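I am attaching a structure below and will ask some questions about it afterwards.
In this document, chain identifiers A, B, C and D correspond to the written order of the chains, with residue numbering beginning at 1 in each.
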Amino acid sequence: MTRDTVGGGDRQAAAEWWHTDIIDMEPNRITFRGYPVEDLIGRVSFVEMIWFMVVGVMPTPGQAKLIEAALVSGVDHGPQAPSIAIARMSMTCGGSLNNAMASAVNVLDDIHGGAGEQAIGLFRDIEQRTNERVDIAGACREGLAAWRHAHGPIVPGFGHRFHQIDPRAPRLMGLVAEAAETGDVSGRFAAVAKEIETQLGEAKGRPIPLNIDGATAVIFSELGLPAPLGRGLFCLSRSVGILAHAWEQQTQGGRNKGPLPKGWLWQYDGQSTRPYPSR
Amino acid sequence: MTRDTVGGGDRQAAAEWWHTDIIDMEPNRITFRGYPVEDLIGRVSFVEMIWFMVVGVMPTPGQAKLIEAALVSGVDHGPQAPSIAIARMSMTCGGSLNNAMASAVNVLDDIHGGAGEQAIGLFRDIEQRTNERVDIAGACREGLAAWRHAHGPIVPGFGHRFHQIDPRAPRLMGLVAEAAETGDVSGRFAAVAKEIETQLGEAKGRPIPLNIDGATAVIFSELGLPAPLGRGLFCLSRSVGILAHAWEQQTQGGRNKGPLPKGWLWQYDGQSTRPYPSR
Amino acid sequence: MTRDTVGGGDRQAAAEWWHTDIIDMEPNRITFRGYPVEDLIGRVSFVEMIWFMVVGVMPTPGQAKLIEAALVSGVDHGPQAPSIAIARMSMTCGGSLNNAMASAVNVLDDIHGGAGEQAIGLFRDIEQRTNERVDIAGACREGLAAWRHAHGPIVPGFGHRFHQIDPRAPRLMGLVAEAAETGDVSGRFAAVAKEIETQLGEAKGRPIPLNIDGATAVIFSELGLPAPLGRGLFCLSRSVGILAHAWEQQTQGGRNKGPLPKGWLWQYDGQSTRPYPSR
Amino acid sequence: MTRDTVGGGDRQAAAEWWHTDIIDMEPNRITFRGYPVEDLIGRVSFVEMIWFMVVGVMPTPGQAKLIEAALVSGVDHGPQAPSIAIARMSMTCGGSLNNAMASAVNVLDDIHGGAGEQAIGLFRDIEQRTNERVDIAGACREGLAAWRHAHGPIVPGFGHRFHQIDPRAPRLMGLVAEAAETGDVSGRFAAVAKEIETQLGEAKGRPIPLNIDGATAVIFSELGLPAPLGRGLFCLSRSVGILAHAWEQQTQGGRNKGPLPKGWLWQYDGQSTRPYPSR
C-alpha cells in the first residue's frame, strides 16, 4: 500500500527513488512493516526484531531460540581473527567505536565472513537435488561434485584450521535436533550436513567435522534464509565481539598499535639499498 | 588468571601484545570470560551475550528486558538517515553486505551516532551533582550550564527535527518506570531526564521532549554503562536496519544509485566555464 | 636480499609473517625498494612514486605523462556518483576527512569502480588472441564472445549512461597516440579498443564509444599494469574528488545530510499499519 | 554563477540540496571549477590537479614541487603502522583493493593521521602571535604553552618513537629553504618550526627534532592550506603505500591473515574457566 505523497511530480519521483517496504514515517509515527514501533518495543526481543526487519516475518518462539543460538555462537574468535585484530588496532589510532566497527566488519568478506553464505547455497542445492529417484547420499555426491567444479576443493562449513572439533557446532546441531522434534524446523538440512560430513570423512580417511559456519548455515537453511543474509547475520553477530575488543583496547590504552610488539620489525626481502640514479 | 604459554621469551612478548580478558582458546575449547561457549549457546539470549561480552557481567532478566527494548527501538529511521541511505547506495556499487554495513556504520559518528553517548555523560554528570545540599533541580541547572559552556547550546537527547513527540521515547520511559518499581533499576536517571525536559520546556516556552537518544541514554545510565558504549550499542542496533535496507536494495536491483533520480543534476555555483590558460 | 634480523627463532618467525619487498627500515633510515627516501623526495614526482611503489619500476617520462593523464581524468564525476555523495553525507555525521574518504572509497567496488579493471582483462585477452592466423578483428570477435559468455552483455569500457561522447576518452586516446609515435607505448591496446568500438557500433547501429574506464584501461594495458591495479589506481584518482567534496561539504556545514532535502520523505510500499498481535 | 536548471520547484530544491562549486556537468561536457576536463588532461600534473580540486587554485611550479615532495614522503612507514597492516590483513579476507584501502584509510584518524593537521594549527597559531612587540621566540613560548594547556604535553610534529632523526624531515626542510630563496614561499613557518625544535630541545636536554608530520605541516602552512586538509592530503599520500602493500599481499596469498604467525595465541588474563550457572 502506498502512502499519499504531498507534492506529486518531481517530488514524487524523488520519493519513488527511495521506495521501501520496511519503514513508514510521519511526524510522531514510525511503523516497521506496518507495526507501530511502540507496539514492538518491550514486546519483541532484539533477535525477533532482527529477523522481522531483515526477513520480513516474525519468527516463532522455537525459531527465535535457534536464531539466538546462531547469533550467540559467532560473536568472537579472538585477536588472531583479522576482524578482531583490526578492531583493536583501529581504536588506538584516534577514531571512535563506530569507526573501529566499520573497518572490522568491512573485512568479513568472502573468505573471512562468506563461508556461512556459501554453505547455505551448497545445502540448498543438495536439498533440491533430492527427489523420488535421488536419495540424500546421491544428492550430496552430485552437489559436492558440482560445488567443487565451480569453486574448487574447499567445501564451506566443514573442517577448521585450529579446532579438530569446533565446540560450537555439536551444541548448535543438538538445538536443531530439538527443534526438529518439536516441529519448528524440518531437520532436512541437518541431514544434508550430516551426510556431507560422512562423505568428506570417508574421502579423507579422517573426520572433517562440521564447523560453526556449517552449523549456523544448517540453522539458517532450515529457517529459509536467503544465502547472502547468512553473511549479513554473521556480521551482526561478530560485531558484538568487535565492539567488545575495541572497547577493551580503549580501556587498555596504546597509540598506533601495530601487529607486533613495539620495536619489532618485519623481514625485508626486496632490492638491496641503492642510490637513486641521477637523470 | 594467566594461561600457561608455551615458548616464553619473544613469543610470550607477542602473546602479551594481544592480551585480553574476553576470550580464551585452545584447540576444541573456547571460553568467554571463563564460560565455555557450549554452555552459553542455547542458554543465554543474544542480548544477554551482547551485554556480557561488552560490559563483562550478565544482566538480570529485568535488565535484559530494558536492553532488548533499547536495541529494538534504534534499528532504523528510514532512508533520509545518512546511515540507511549509504547502506542502500553501497549495495548498488558491487560490494557485499559486509561492505555496505561498514560504510554505513562508519557514519554513526559524533553527530549521527553520538547523541546517546553524550546524553549518558550529561545525565551522569548531573546525577553526581546531587547531594545533601543540591536537589535534582539544582543539579540539572548546574549540569546544563556546564554542558552548554563546554559544548554549545544543543542538549543531547532532547527535541527532534522531525517528530514533535518521538514515539519511541515515552514507551521506553514506561519500561524504565516498570523496572524501577521492580527494583531492577533505581530510576534516578529517569528523574534526571524528566527534570531536564521540564527545564528545557520552561526555557523555550514549548515542549522539548526526550527523544530516542535520551531515552536509551536513561536506560544505559540506569544500567551503569560507560558512556562511549552508548554509541557502540547504538551501532549494533542500527546495524539491523542497515542490513535490512542493504538487502532490500539488493533485491530491488539498480546500479550506482545516486541520491537523486537518474538524470537529475545538482546545482553548480562555481566559476563560469573558462579555457585553461596556456603556460 | 634479507636484512639481518636480531633475535632469530620466534621473533624471526614473526618478522617473516610480515615480510615485504617494498620498504626496509632501521632507525634513521627508510628505503623504498632499495632507494633511500631522501633520494626520492624532491626528485621523483608523486605519480612516479605511485607507479614505483605499486608496480615496482620507475616509469619513463613518457609513461609518467600518460599515468598523470589517467589519474587526472578520473578524479570526480559529481554528487550523483555514489562515492561523491557518500563523501559529502559522511562529513555531516561528525567524523573526520579520513572517515569520509574510507566510506566513499569502499563503494568503488565491482560496479562503481571495477569497469577499468574488467576492461584491462578484456583488452589483454583479445591482444593475446591475435597471432599469425588471427587478425585484430577476429580476435575482438572471439574475445567479445568469450567475455559475454562469462560475464553477460555489458562490455566494460564502452558507452555511458549520461554522456554520448565521454569528453575524457578522446583526449586520453590522443595522448596514447602521441606516446605510440614516440615509442613510449606500443599502441597495440589502443588498436584493440578502437576495433571493439567499431564492432559494438556496427552491432548496435549507433556509436557505443569508448568511455573513461576504457580509455584509462588502454593506458594501463599499454603500460603492463596487472588488471586489479586498474581499480586500485582509480581509487587513488577518485580519492581526490572524494576529498574535495568532503571538504567543501564541511565548509558548507549541515548535520546528518540525507539524500533528499530536509522534510522530504520516501515512498512506503509495504504493509498497511496494523497492531502488533498480542501473544 | 548558477547554471540554468530545467524544472524549477521541487527539482530545483533537490538540485540546491547538492550544490557545489567544484564540478559542473552536462551530457558530453565536464568542467572542474570552470576548466573543461579535456583542457586539464595532459596539461596539468596529478599533484596540480589535487591542489586545484581541493584548495581551488592552481599551484605555481615551485609550489607544486613542494607538494610533490610532501606527498612522496608520506606514502609508507612499513607493516608496523596500523594502516599498512590493516591493508594487508584485509586483502586476505576476500574483498577487493577498494575495500582494503577503505579499512586502512579509515584508521588515519586523530592519532595515526592527525599530527600534521594539528601541527599546521600550532604553526599558524604561533605565526599569528608574532607582531611588533612579540618576536618568534616569544610567540613560540606562548603558542607552546597554549597548546599544552589545551591538548596536553605531546607537541605534534616533533620527535619520533622509532627514528632519532626522521630522514624525511631534513630533506623536506631543504626544499622549503630553496623555495623560500626563489620566493615561492615566505619561509616564515619554517622559521617557526625551527624555533619550536630549539625550544623543545633546550627543555628536554636532548634533540626533539622535527619529524615528517612537522615537515609536511611546514610546507602546507607555507602554502596556506586549511589545517584539516593536512590530514586529507596525508590520506592521499598514505593511500599509495596502502595500495602497494594490499597488492603485494594479494600476490603473496594467504587467508585470514592474523597479526601473529599461524598457531600463535594471545595471552588470556581474564576469569578462570567456570561453568555457566543454571538459572
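Here is the rule we use: a residue touches a chain if its C-beta (ideal position, glycine included) is under 8 Å from a C-beta of that chain, and two chains touch if they have at least 3 such contacts.
These numbers come from a predicted model, not from an experiment.
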| item | value |
| --- | --- |
| Chains touching both chain B and chain C, listed by label | A, D |
| Maximum centroid distance from chain D, chain identifier (CA atoms) | A |
| Distance from chain D to chain B - Cα centre to Cα centre, in angstrom | 29 |
| Centre-to-centre distance between chain B and chain A (centres being mean Cα positions), rounded to whole Å | 21 |
| Per-residue multi-chain contacts in chain A, two or more chains | 11, 14, 16, 18, 20-23, 25, 36, 40, 44, 78-80, 85, 95-96, 99, 102-103, 106-110, 113-114, 162, 259-260, 264-266 |
| Complex interface listing, chain D residues touching chain A | 7, 9-11, 14, 78-83, 85-86, 89-90, 92-95, 99, 102-104, 106-114, 161-162, 255-260, 262-266 |
| Residues of chain B touching chain A in the complex | 13-14, 16-18, 20-23, 25, 27-30, 32, 36-38, 40-42, 44-47, 49-50, 53-54, 65, 67-69, 71-73, 75-80, 85, 88, 96-99, 101-103, 105-110, 113-114, 162-168, 170-172, 174-175, 226, 228-229, 231-233, 235-237, 239-241, 243-248, 250, 260-261 |
| Touching residues (chain side chain A, partner chain C) in the complex | 1-3, 5, 11-12, 14-16, 18-26, 31, 33-36, 39-40, 43-44, 95-96, 99, 102-103, 106, 259-260, 264-276, 279 |
